[in-house]
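Dumping the structure here so I can ask a few things about it.
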Amino acid sequence: MTTQNILLTGFEPFEQEPLNPSWEAVRALEGWQCQGAQVVARQLPCVFGKALEVLDQMLTEFKPALVICVGQAGGRSQLSLERVAINVDDARIADNAGRQPIDQPIYNDGPAAYFSTLPIKSMVKAMRAAGIPAEVSQTAGTFVCNHVFYGLLHQLTQHTPAIRGGFIHIPYIPSQAARHPGQPSLALDTVIEGLRTAIQSAMTLQQDVVEGGGQLH
Amino acid sequence: MTTQNILLTGFEPFEQEPLNPSWEAVRALEGWQCQGAQVVARQLPCVFGKALEVLDQMLTEFKPALVICVGQAGGRSQLSLERVAINVDDARIADNAGRQPIDQPIYNDGPAAYFSTLPIKSMVKAMRAAGIPAEVSQTAGTFVCNHVFYGLLHQLTQHTPAIRGGFIHIPYIPSQAARHPGQPSLALDTVIEGLRTAIQSAMTLQQDVVEGGGQLH
Amino acid sequence: MTTQNILLTGFEPFEQEPLNPSWEAVRALEGWQCQGAQVVARQLPCVFGKALEVLDQMLTEFKPALVICVGQAGGRSQLSLERVAINVDDARIADNAGRQPIDQPIYNDGPAAYFSTLPIKSMVKAMRAAGIPAEVSQTAGTFVCNHVFYGLLHQLTQHTPAIRGGFIHIPYIPSQAARHPGQPSLALDTVIEGLRTAIQSAMTLQQDVVEGGGQLH
Amino acid sequence: MTTQNILLTGFEPFEQEPLNPSWEAVRALEGWQCQGAQVVARQLPCVFGKALEVLDQMLTEFKPALVICVGQAGGRSQLSLERVAINVDDARIADNAGRQPIDQPIYNDGPAAYFSTLPIKSMVKAMRAAGIPAEVSQTAGTFVCNHVFYGLLHQLTQHTPAIRGGFIHIPYIPSQAARHPGQPSLALDTVIEGLRTAIQSAMTLQQDVVEGGGQLH
């Protein structure tokens, strides 16, 4: 019997950062076993379009039982379980290939949005119980992270709707915040522990809990 | 020939506030003429379900050429042109009828989201040019404001897809911020002027401008 | 009998701003009568050293019964009644004459700090009662505003200790915030009304009220 | 020859927290050797007056060559090197003995403020170089932390002016932030490493560097 794969992706650095904590955290979990499945950690380019081509190949190659894409959210203070991916690219800065699309749909024939199919409320609950700062987030932005999140759900919905997928944003790590005075950060170990807890929840729970995680606005 | 109607809605007060600035601003524009159309200002209850019933009746009664729903966003500092409404209610507090739905779809058969059909980039650009703080927002939250925003676009899309509609969040006014130390506010006059500018843009522009208004995350 | 003077100062613009709301607010109160005294509104240069020379001349010329210096605090959302001025210049940017002192005392022989002699708790209380967002602030920074605040109290303490003096920081006005997306603002009218309320308190109250206005850190 | 002591204090928990990260960090450094001196880590009560009595006894007992008091600043994201202690207690909440002084001087005969005698600019520079988020702070608040900071400098100035002393505020640790959604945090290991770096700077540098660390307001 083959072991199931859990596909975990992080991004290459962008916006002049020397590293991307999403990749540093994800690579540390390569090979980690959870509920009889094993983590395959891979890096995505921070490039519109290209990131989705690479992700699609990974989906084909690894036939994962679970997919979690992780990205850096400089300025946030907690692990953010993204609730919804929207069908638009609106780039405040250029991506790593110099592209800066504005108000372009990701898939012309795609719906306006997809909801994460991860049990995000349970994941937040489990992380908080483990002492790890976490929240549900109502927006993944409109840059490459949202682009990948939307593209992932578009692929899964069309081809393997039973496979759960979603996106987690993580803060800067301290060495980045030391160069961006005032910005919050989390130690890489805390992030890695958070991702472990999140994966554990997603692999064991059939249904999400009903717990508030909304915003007034 | 009948004059065209512009339907502008505000909300009743909620969360122990003595007033709701969205209603105060909207009512001040009752009867205002813009591009040969006239503003009809109406109040919505801050109640899941009921707010949409009332809104649907207004759409039938006034057959508006443009619909803008306005709501209070305590804690924001600018007029926020909402980009997207999502198909979920997740109430952090109870509404004015004591209901607090968690992770319930607004319409069981509705899509995950609708994009605003207002020219939001043009509206932000015009407001800033007029000296009024404004932004594009990527989330309208998951409370009654998003509920109304989604329900409005669901109705318009199904029955009168040529009619533009959307949602604008506004900050506290100063008298509210005086009781919530540290929270930003905008004077009612500034908000009213902002709404006038926004309506003007929506009534005159056929197509939105292509200008950045996204977020990295 | 001569009318008493209330000296109100604002600053010239700095940091590439087209105007300084402190001067716009203060000049609007020129000649305003309060408790038998009359406002004299004057502008100070945003220059270390020079600002104090100009202020000292004004103190000599107008022999004011009350002195309130007002300055712009871009990023704050309320009128801030400053509690304490400290004896240090530490400039994050250059002043309008290109000077950028770092860790220099304002007066070599001055004490580490002076407390405002305005009834700041009463002033905040009166402003909030009037619906105007206000707070006590524990730091006036280390730029020209703190410099003027410290220099004012140094002069008053040495020569006319019975004369009350202090400093109020004010937010951007909306037209400035429209160019600094995300920053809070207050309408000029709200600021002017706040200053009127503040002056009224300072002219009528002999003693400050005992009301909390502190910070945990 | 006796080894020199470095006195490091943290506080007991307050405001319903199960722990105080300042004590957790400080106790981890008990016995740490730095430049031939050795850390003595002690806990202070979070009580006005009593905290200073205990601190004074420690100063007498340990005759330290350096004193750094550390306190929790929930809501801050970096280690904050406090620049100035002011002569006022203004408690937003009650201390652990139920006392809540408002606008009371700490020492009736004390000056308005004392500046930290630590080389705070050098300490921030060294921490940032080590990848640890740090800043100079212009206010230590008006609660027990500022009270201890002021009292420490009052004692040192009067009796042993050659001995350096100061105060460092630290963020929540992640397990606290997990219960205060949205608040930033730093891992305890990061804080401990930051304190080591800070002590190292203070023990080796005779003079502080001249580097900006101010605020506009």
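The first chain written gets the first letter, and so on, giving A, B, C and D; residue counts start at 1 in each chain.
Just so it is clear, a contact is a pair of C-beta atoms (placed from the backbone, for glycine too) under 8 Å apart; a residue touches a chain by one contact, two chains touch by 3 or more.
Predicted model only: the values in this text are computed from it and were never measured.
Path length between subunit A and subunit D in the chain contact graph, taken as the least number of steps between touching chains: 1.
Distances between chain centres, each the mean of the C-alpha atoms, put C farthest from subunit A. Rotating subunit A by 180 degrees superposes its CA atoms on those of subunit B, with the angle stated to the nearest 5. With centres defined as mean CA coordinates, subunit D is found 30 Å away from subunit C. Chain centres here are Cα averages; for subunit A and subunit C they lie 48 Å apart. Per-chain Cα centroids separate subunit B from subunit C by 38 Å. Subunit A has no residue in contact with two or more other chains.
Touching chain pairs in this entry, ordered by label, are A-B, A-D, B-C, C-D.
By the touch rule above, subunit D contacts subunit A in their complex via residues 77-78, 127-128, 130-135, 174-175, 177-179, 181-187, 189-190.
Residues 15, 71-76, 80, 83-84, 86, 88-93, 100, 102-103, 111-115, 121, 138-143, 145-146, 169, 208, 210-217 of subunit B are the ones that touch subunit A when the two sit in their complex.
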